[in-house]
Each structure stands twice: as structure tokens, then as C-alpha cells.
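Two complexes follow with subunit A in common, the first pairing it with subunit B and the second with subunit C.
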Partner chain A sequence: MSLLKYTIRRFLALIPILFGVLLITFVMTRALPGSPVLSAAGELRGESQAQYIAKLEERYGFNQPVLVQFVKYLRNLFSGDWGESLSVHRGATVAYLIGKAFPRTFEITILSMTLATVVGVNVGIISAVNRNKLKDTVIRFIALSGVAIPIFWLGLLLQYIFAFNFGWLPAGRYFSASLEDLEIITGLRLLDSLLLGKLDYFWDTILHLIMPVFCLAFVFIAGITRQTRSSMLEVLELDYVRTARAKGCKERDVIRKHAFRNALIPTITVVGLSFAGLLGGAVLTETTFTLHGMGWLVVAAINGVDYDIINASVFIMTIIFVTANLVIDLMYGIVDPRIRY
Partner chain B sequence: MKNVKDMSKTFNNLDISGASQKMTKNDVKPLLIVKDLHTYFFTQEGIVKAVDGVSFTINHDEILGLVGETGCGKSVTALSLLKLIRSPGEIVSGEIFFDGIDIVEKTNEEMLKLRGNIMTMMFQDPMNSLNPVLKVGDQVSEVYLLHQMEFLKDELQKAKEKNSKLKENLKRMKKELKTCSPEGAETLKNQINAIKQQIKFRITINDIARREAAALLDRIGLPNAETIVNRYPHELSGGMRQRIMISMGLACNAKLLICDEPTTALDVTIQAQILDMIRELKRKLKNSVLFITHSLGVIYELCDRVAVMYSGNIVEYGTVQNIFKNPQHPYTQGLMTSIPRVTRESRAQELTIIPGMVPNLIFPPSGCRFHPRCDHAMVICKKIRPELHEMPNKVQVACHLFNKDKSGEEYRKLTEEEKQEDVL
Partner chain C sequence: MSKIEIKQKYYRPEGFENQFNEILTTYNKFLVVPGKKDEELEKRDFLYNRLKSKRKFYTKLNNPLTKVGIVVVLLVATWAFFAPWLSPYAFRLVAVKDPNSADYLPPSALHLFGTTKFGRDVLGRLVWGARASLSIGLVAIVISSVFGVIVGIISAYYGGILDSIIMRLVDIIMAFPGLVMIIIIVSIYGSNMSYIMLIYGILGIVGYARLIRGTALQEKSRTYVEAAKVSGSRDWRIMFTHILPNCITPVIVAVTFDIGGIILSLAGLSFLGFGDPRLVEWGTDINIAQRQIEYAPWAAFWPGFAILLAVLGFMLLGDGLRDALDPRLQEKN
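Here is the complex of A and B:
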């Protein structure tokens, strides 16, 4: 019961955070140099430009005081109207654009984080158990390179090898141009194609996703491996692990049953925060692989000073981060009975 | 023993004396023999000679105390017995024979069968020695699952049979219910409900192990054992946790119980209870105990014999009575006078402390490792390490003071400066 109370309390705490974040982004975007109206009126000159700008400002209410605009924006936001794109995709609603971009990001995030967690945790344990032996050294070398290699460089390299040189995999985008017409159910292409029973679409998407997912996973595998290794090494020297050994526990059980859960907490933090960060969009990867997900959308919106998209994205990211932190905290409680809410 | 003697008397004329001698010998053969054990840690700073030539034996049905200052190598000695020394540590040389088994030669897989089973260890500091994320019941029952599978399987079989019998009964009663008179129906319904409560949906070997764990906790006097098995260590008091630790040592009928300062972290009353418990258990189970402690008082109360350890060596070793009556090694004497005694005369006496520091184990003092702190240190003490020698009262002491011929320059007393010369 206290768990439920705790969760509700945390969500209530989300309200002032959201309000603050929105206010700051709202004011800051408007204080930025450049304006969406200006870029919209790009071709026009002189008198006609001024008239056009005035017309647009009137229409979008940009001529009103910032705070008035903000309050109106809030009202619309909570009634479900997230505004309208001004420069990225003029005329499209923000809800539509985000509704299209977010599932792509979500799909890539789920795939790469699952891969990264499964591989990272296991490799981290292997590394810790074989401390300072050859296995460990090799793993640590690869993990370090995962942290050090810039992701766009890795992406380009992979594209060069597998798409350009061998032609095994498509070089970018989310699907082949000929297979665009998939009916949208959840927006997650893999899931939708499966639900519709269209295996060719499914396979096509898989081929497109292999490289970006691997790329993203590689970086996070590195972080997760290093974290798991170090916390595992710490736990393996603790008294209760020695107790388990003194009982006659096999080393495999010592690790699985006694050490692993205790070493998990730092890893949960790393995985959870990485997950949340990725959901906000992987800008570099999405750019390298021309995937039009959240990262791409936000960058495009910032470049075009597209107020409503920026605000809505920040709004979503805030919710994701706060929720991720809550989930992380709840997971601690599951893993470690000493943590209660 | 008695039987053997009787036999040899009866058959005195026959030539069985050889056989009987063998049997007698066999009977008094110690349970554990440790010979010249060296356990070193190869650290980056240098080789830590934590245990450097330790020999002792533990007899059947005996409590041997191991006492010494912090860092003198007591725990390392104990861990060596179970081959639990981890890298960078290593048993460099020495022999350990446990019940005729050569421990040093055993592989890790073979040790798994011994650890927690016929020799078991409970650790100092119950706070950190239990796994914080596992229920204590599961930690205790793990010992059963590791070493008493046969027993558990039998019990499981019995429990399953009982369960199915109950089910049959239930069926029969339900049938009867349909046909019986309305008066009888009431009592029958009650019976059915009672049986329903006893029937388990599914019984696994884990359930049996947990049941055994609860029974064990109950036997060692933990109240509400049924509920305690479902608790986590942080929900229990220090004394309760220590009992849990002890119960893990008792889950199997270990021949040797190694207790590494099981009472240090507890308050005095709980300490006394735990000691009582160990004594009681030992009397019942007739196993042997290696009891490690800082406290001479505990040794005096509990142990049959005692080994006094100083900086990786045993310096005095014999029965508790003899050593307490007449401590002969200067270090033991120091230890004795540093415990407070509450008698009228002793109040007048001052409590002494042993001056100096615990020696560095990477570069230990040469010769007798105690010489920088010893009031009687002589020239020879710096050069030659004294061996254990038996004294007239059967106590073994490693000290040059008891050499036969003590004339000559070698036996000149060291000055303070000479003592401290090569101490790092």
C-alpha cells in the first residue's frame, strides 16, 4: 500500500517539475534570436514581408505578451492541442509529428537497450569472475573502446563496410521506399507488421534496424559492462559471499544467487537512465542512419525555431525522465528488501 | 576406549595386543592436524606473511581456542582450513589433515562437499555475514539443499504421501457428506475444512528444506521461528542474526565447527547466551570446535586447550588450566595482565598494556617476531626464531628464555634502541 502512495506522491511531484520545465523552455525559445515567422516569410521582401509577418503573428498570437502566450499554451496543451508546426513541416500538428517520430525512437530504444542489458550484464559478470585474466583484459579493452569510439564514426564505418562494400544491409532509413504503405496500429513497425502478418515488411524493417541498433547497443554495452564488473568485484569480496562459499556453494551459485542481486543496483541505475536518455532521441545515430525519430525531430525543430515542437518534446522528455527515475527507484525496492518506501 | 581396554584384558593371553594398540591409537588420533602451515598474500606492496609456520591439532570432542591480537592471522588460519583463501592469497606450504583427509591436496570441487557439511565455519560480525537480499530461511535451508539432498528427498516423499492420503480422505468425506444425515453433516463439514487446510497444493523440495530450517531455528531457541524464516537479515537483531549464523553451522552435523569471533559484535548478555548455546550444542553433538577470539575470558570459560597466536605464529599452546595457571611466554603473560579481573587484590594491581604496535606482516621483525615489544628480549631473539618446545607442565612455548644453556653473549638483554632497530 505504501508503494502505491509513494508512486502517487512521486507523480504529484511531477506537476511542479513539468510546470517549471515548460516555463523555462517557453521563455527561452521565445528569447532566442530568429523566429519561425521570419523563416516562413523567407521569400517576401519589404512591405509585403512586414504585412505577412504581422498577419502570421496575429494568427499565432506572437504579438501578445509572453506570459499570456504561455498560459494559452498550457491551456491548449492540457486540452490535447499541442500546437502546430511552423517550419519543420508547416501545417502539420505537433501531435501528428511526434506520434510518427516517437514510436520509431521507442522501437530502436527497446531493441538496443534489451540487447545492451543482456550482453552487458553477462559480459560484466564474466569479466569480474575472471578478474585480470585474459578474458577480462579483452573485455575491458572492447568496453573501453565502446566508451571512446564516437557513435557516428562507428555508424559510418558500419555503413561503409556492410552497405557500401558488401551491400548486405540497407544504408539508412527505417524501411525500403517500396514498402512504405504499412497500416499503422501501434506505430511500432516490427510489431505492426507481425500483427498484420506481413513478414516481408517485418524482415525489411529488421534489416534496416540491425546497424543502428547494434551501434547504439555497443555504446551502452560498454557502460553496462563496466558498471556490472566493478560492482560485482566489490560484492564478490564481501563477508556474506564468503559465508556462501563456506557453506559449500558452487561458485556459479555464489555468483547467481548471492552476489548478482546485490551487485545489480548500480547497473539498474545505468540502464534506466540510458533508457530514458535514448527515448528522448539518439540524435547522432538518427542522423547517421537518417532515421526520422525524436532526435531528428528535435534537432530540426531547434534549427527552424519551431516553438511548439520544441516545447512538446521537452514536455515528453521530462515525463519520461521522471517516470524512468521512479521506475528505477521501484526496481531498487524489488532487488533489495532493505529499501522501503 | 573402555571397550578396547576390556577386550585387551580379556584376551590378554592371545596375541591381539597389536590390534588393540592400533585401535586405541586410532581412537585418540586427532580430528584435525595442521603442520607448519604457511599462508601468504601476494599483494602489490609485498608478500604478507599472514600465517607463517603454524602447527596445531584438534582432538575429537574438544574445543580449541585460538587467541591473539587483531591482524595476527587467526581468520586466515581458519579460512585456510576450509581452503577459502582467495587470490592474491595462497597456502604456500604445510599440511592439513582433517579426519584423515589431506585438505591441501583437495580440489575445489572436492572441497565443496566438505565445506558447510563436515567442517563448517561461522563468521565474526553477523551483521555482514548474512546476505541482505535473501530471506534468512532460504539462507539456512540452502545448507540442507547443498548437503542433505537424500534426507530431503525422503522427507519430500513422506510429505507427498501424507498429502495424497489427505486428499483421498477428503474425497471420501465429500462422498459421505452427500449420503449422511443432516446432524452428521455439520461435524463432517468441519472435518472437511480442517483437512482442506492441511492439504498443500504442491510440495517442493524447497518447501521441505525451509520447513527443516524453521524446525532448526526453533530448536536453537529462536521464538516464532515460522515467521522468522520469512524475514530478511536487516529485520532481525544482532543476537538473532548470530543465531541464524550458528544454525547454518548446525544444519549439517559438522565434525568441526570453526567459530570466528562469533560474539564480538554482541552485547554481553547475548554473548553469554551464544556461548552457552555453543557449549550445549557441543556437548550434545560431540563434535569439535575451533573457537577464535580476542578474549581470554571467553577462552577460559569455553575451551579445553588454547593456542596463543602472535603475528602469524603460535607462541604458546596447551591446556587452558595450565596456561592460565602459569603463562610462560612473555606475550601470553602480557595478555593475561591486560585483562581486567574483578577481585579485591586485583583492584590494587594495575592493568598493564603490551607496549608497541602489531608488527608489519610484510617485513616482520627478524627472529622472534615479538622481540621489539618483549621485556626479556635477548640478542639471540633477534637472530633465531624460537621453536615450540614442551615445558615441564606439558605446555608448548616458543621462546628463547627457556633454552637450557643461557650463558654467553647471545643471551645478553637487548637495549631499547637495539630492539627497535629494524622495525619498519
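Here is the complex of A and C:
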């Protein structure tokens, strides 16, 4: 019961945070230079342009005080109307655009985080077990360069090598232009093409996703490896590990079962936070590979001063981030039964 | 044993008592009496331990990866300081346009790393670019660590409503997607170098405030703080001369890591096209060259390599400092 209470209390604590984020984002978007309706005025110039802009601003209520607009926006947001795009994709609703962008980000996130977690955890354990040996030094150095590498530069290098030099992989985008749009079931292209039984679509998408997924995974492998290594090192020196060895456990079991389970908590934090960060959109990777996911959407919206898209995407990113934090805290209790709430 | 020998052994000369007392007073400090402390010896012991921990610190820093880090950081700092002497081309040619050479020339004897757009020398821009990255990183980190430490200690020391207000604000800013927030603010105020410094500095305050608040809360309940209070120190004095030195270690480590982090994030910002266009900067270089990656890979490769090198240097240094300064790790070895 205390777990339920704890969860509810944490949820209530989220409300002021979300409200603050919404308010700050709203005020900041209104402070952006330029007007979202400017591009809508199109080829009109001079007097007629000014009149048209004024008319549009009147229609969308941009000429009212910011706080009045904010209250209206909040009411719309919670009644499910997230507004419409004014410059990125004129006429489309924000919900539609996000519904299209989010599954792509989700797909990349799931793939790269699975890869990163599996590889990162194992390499981290190997590194900790061989502490200060050559293997460990090499792994530490590679992991550190993974943290230090600019991800867009890694992406460009891969593009140059595999797309332009060898021509093995497509340089960017989500699917080839020659293949027409798939019927949307879940929005995840890999899953959809399998469900529809179109293997050529499936293969095409895989080819397009290899490089961005590898890029993201490399960076997150580095972080996970470092965290696993340092928490494993702390645990390996504790008495119960020696006891486990003394009673004749296999070394493999000592490390995988006794030590690793207790070293898991910091790793879970890193994995969870990276996951949340990625779900909010990998701005740099998506720009490098022209994948139109959440990160691309929000940058395009900022460039085009598209108020509603910026607000909605920042809101979603924040929700993901705080929920992930909550889930991580709840996971602690599952992984380590000694933790009580 | 002859009688004479015995006599010699137990012979007590004149004034033996006086001599014995003299010995007692001069060599008092060497006598083993339980619970006895000699002031002079204590002082020496303290100095000895300090020297020992200092030595331990240096031996820990003396590991190959840390040494590489120090060398790399010094290298990049040298580029930044001595750019006018080190760069093969003057700032004017590197920053604006080189009338004597063509766009995207491959590496040659004249241009070791080739040229980028407007015939600007890649090597020259690499050297000049260290200035922008390092100066933005350093200024931002000074702003965020100084203000972060002040805010964090005040928050931890006074507690109560002030603490919860500050921490709610910290939560809100932490919940923001970082890069997106920076892009929005940069678009509002314009991508000017001084604004970018300020934005990174101000957003960084939050992290330091939370970092130091955690350690300061633990230190606050120690006896020495109580002693300072009892002896009548002012709050200000307790916070900044007693508590601060005891929780500054994690801040030093975080500063080293964060300089690397800011350089990396700044490169990302410029790569997206939100950097100061008047600045010679590695991220901007990659942004310019990315369209030509197929034909002129050198123009994007070297600036990215410079970013990797600089950030790696700071991270290696930070790793080494953390290993050397972390008391938990010290006890074990």
C-alpha cells in the first residue's frame, strides 16, 4: 500500500513541475522574434500583407495578452485540442504531426537502447573484472571517447564511409523514395511492414536505420559501460562477494548473480534517463540523417516560429522525462527489495 | 659477573635525580603514556599526513590516461592562447575569405588539411576555433559554478521554505529538454557569443546548486559547524569558510567534466546553425562542410576531430581527478 501512496505523492509533485515548464515554454515561444503567420501571408507585400497578418493574428488570438493566451492554451490542451501548425506544415494539426514523428523516434530509441544496454552492461562487467589490466584500459579509453565524440560528426563519418565511399547504405531518410507510403497500423515502420508481410519494405527500413541506430547506440554504450564498471568495482570489493567465492560458487555466478544484481541500480538510472532523453528526440542525429522525428520537428518549429508545435513537443518531452524518473525510482524497489518507500 | 661490573652497572652518579628530571622534561614527548598528546608532535603528524595525502594525490594522478588528458588539455589551451602565432594563416583569411585559394581544395603542401568554403584554410580555422570553444566553455563554467555553489549552500544551510522554493525551480529547469531550451533562448536573443556564454552559464547553475546542496546538507550536521555556531560565527562565515571547503571536491571534478560537456553541446548548437556566425568555431565548420561531405570529407573531419580531442582531454582529466580526490576510493587502496 505504501508503494501506491508513494506513487500518488510523486504524481502530485509532478503537477507544479509540468505547469512551470508549460508556462516558461509558452512565454518563451511568444518572445521568439518573427510571427508564425508571416509565412502564411505568402506573396502579399506592404499594406495588404500587414492587414492580412493582423487579420490572422486576430483569428488565432496572438494579439491578446500572453497570460490570457496561456489560459486559453491550457484549456485547449487538456480538452485534447493541441492546436494547429502554422508554418512547418500549414493546416495540419499538431496532434497529427506529432503522431507521425513520434513513432519514428520511438523505433530508433527502442533499437538503439536495446543494443546499447546489452553491449554496455556486458562490456562494463568485463572491464570491472579485469580492473587496471590492458583490456580495462582499452575499454575505458574507447568508452570515454564515446562520451566525448560529437554524435553528428560520427554520423557524417559513417555517411561518408558507408554511403558515399562504398555505397552500401543509404545516406539518410527513413525509407527509399521509390517505395510508396505504407499503410499505417502502429506507425512503427519495421513492425507495420512485418504485419503487412512486405519484406522488401522491412529490409529497406532496416538499411536506413543501421547508421543512426549505431550512432546513438555507440554514444549510450559508452555511458552505460562507464556506469556499470564503476558500480561493479564498488560491489566487487564487498565482503559478501568474498563469501560467495569462499563457499565455492562459480566465478561466473559470483559476478552475474551476486555482484551484478547489487550493482544494477546506478546502471538502471543511466539507462532510464538516456531512454527518456532519446524518446524526446535525438535532435542532432535526426538532423544528420534527415529523419523526421521529434527532434527534427521541434527544431523546424523553432525555426518557423510555430508556437503550438514547440509547446506541445516540449510538453511531451517533459512528461517523458519526469515519468521516466518516476519509473526509475519505482524500479529500484523491484530490483532491490531492501528499498522501501 | 665480577663485583666491579655489578657496581658499575648499578652505580648512581651524583645528581642522578636532577638528570632524570631533565630527561623527563626534554624527551617528554617520546615517553609512551596512554592518552597523552604533545603539541609539537601533533603538528608534525598533521604535516606528515598532509604531505602523505598530497603524495597519494600525485601518484594517483600519475596514471597514463590522466597524463594523456593533461597533455591534450594543455595542447588545446596552447592553440587558444597562441593562435595568432601558431595558425598558418591570419585571422582575416581564415574567418572571412581567402582570395588566393579556391573552395574545398584537397590537402596539399600549402593547405595541410585542405580548404573549406570561401577557400579558408582548415588547419587555420582549427587553431583559431580553440579560442571560441575554450573561452565560451570557461566563462560559462565560472558563472555556473560560482553562482551554483552560492545558491546551493544557501539553500542547504537555511533550509525551510527558501530551500523548497529553490529546489522546485531547479526541478523545473532540470525537467526541460536542455538543447531545445538553449535553441529557443538563442533564437530569442540572437546568436551572439556573449549571450551564448550567459545562457550556458545560467542554465548550468542548476546542476551545481543541486550537487553542492547534497553534500552541504551532510556537512551541516557535523560537529564543527555546531562549534562554529557556538563560538558566535555569522551564518555567512559558517557557510563559506567552514562548510564550503569541505564540499568543494565534487564541484572541482564536475567543473572539469562540464567544460568538456559545454564544448560538445556548443558544437552541437553551431552544427544546427544556431552558433554565432561571426565566430570561427568547430561546430560551425562542420555545419558548413556537411553538405560537401561526399566530395570534401577533410573539411568536416578535422574540426570534428578537434572537438573529440578537446572534450576527451577534459574528460580524461576529470576521470583522473575524481579517482584521486574521491575519499571512498582512497580508503580502499
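In this section, the second predicted complex is superposed on the first by the 336 of 341 C-alpha atoms of A that agree within 3 Å, B and C clash if a C-alpha of one lies under 4 Å from a C-alpha of the other, contacts with A are read in each partner's own complex, and residues count from 1 in each chain.
Just so we're on the same page, contacts are C-beta pairs under 8 Å (C-beta built on N, C-alpha and C of every residue); 3 or more make two chains touch, one makes a residue touch a chain.
No experiment lies behind these values; they were computed from the predicted model shown.
Asks: Looking only at contacts as defined up top, I'd like to know whether subunit B or subunit C touches more of subunit A.
Replies: C
Asks: Given the touch rule stated above, what does A:Ile149 touch, subunit B (first), subunit C (second), both, or neither?
Replies: The second partner, subunit C, only.
Asks: Once the shared chain is lined up, is A:Val270 touching subunit B (first), subunit C (second), both, or neither of them?
Replies: neither
Asks: With both complexes superposed on chain A, which partner does A:Ala217 reach: first (subunit B), second (subunit C), both or neither?
Replies: neither
Asks: Between subunit B (first) and subunit C (second), which does A:Thr243 come into contact with in this model arrangement: first, second, both, or neither?
Replies: first
Asks: Looking at the overlay, what does A:Arg140 touch: subunit B (first), subunit C (second), both, or neither?
Replies: A:Arg140 sits against subunit C, while subunit B stays out of touch.
Asks: One more residue to check, A:Leu297. First (subunit B), second (subunit C), both or neither?
Replies: So A:Leu297 meets neither subunit B nor subunit C here.
Asks: Would you check which partner chain A:Arg261 touches, where first means subunit B only, second means subunit C only, and both and neither mean what they say?
Replies: A:Arg261: touches subunit B, not subunit C.
Asks: Counting contacts the way the document defines them, which residues of subunit A are shared by the two interfaces, the one with subunit B and the one with subunit C?
Replies: Residues 237, which sit in both footprints.
Asks: Mind pulling up the subunit A residues that touch subunit B in the complex?
Replies: Answer in residue numbers: 237-251, 257-258, 261-262, 335-338.
Asks: Spell out the part of subunit C that touches subunit A in their complex, as residue ranges.
Replies: 64-65, 168-169, 171-172, 175-177, 179-181, 183-185, 187-188, 260, 264, 267-268, 271-272, 283, 286, 290, 293-294, 297, 300-301, 304-305, 307-308, 311-312, 315-316, 319, 328, 332
Asks: In the complex, go through subunit B and note every residue touching subunit A.
Replies: 79, 82, 84, 86, 108, 111-117, 120-121, 123, 125, 128-134, 142-143, 146-147, 232, 234, 245, 248
Asks: Within their complex, state which residues of subunit A touch subunit C.
Replies: 16-18, 20-21, 24-25, 28-29, 31-33, 137, 140-141, 144-145, 147-153, 156-157, 159-160, 164, 234, 237, 277, 280-281, 283-284, 287-288, 298-299, 302-303, 310, 313-314, 317-318, 321-322
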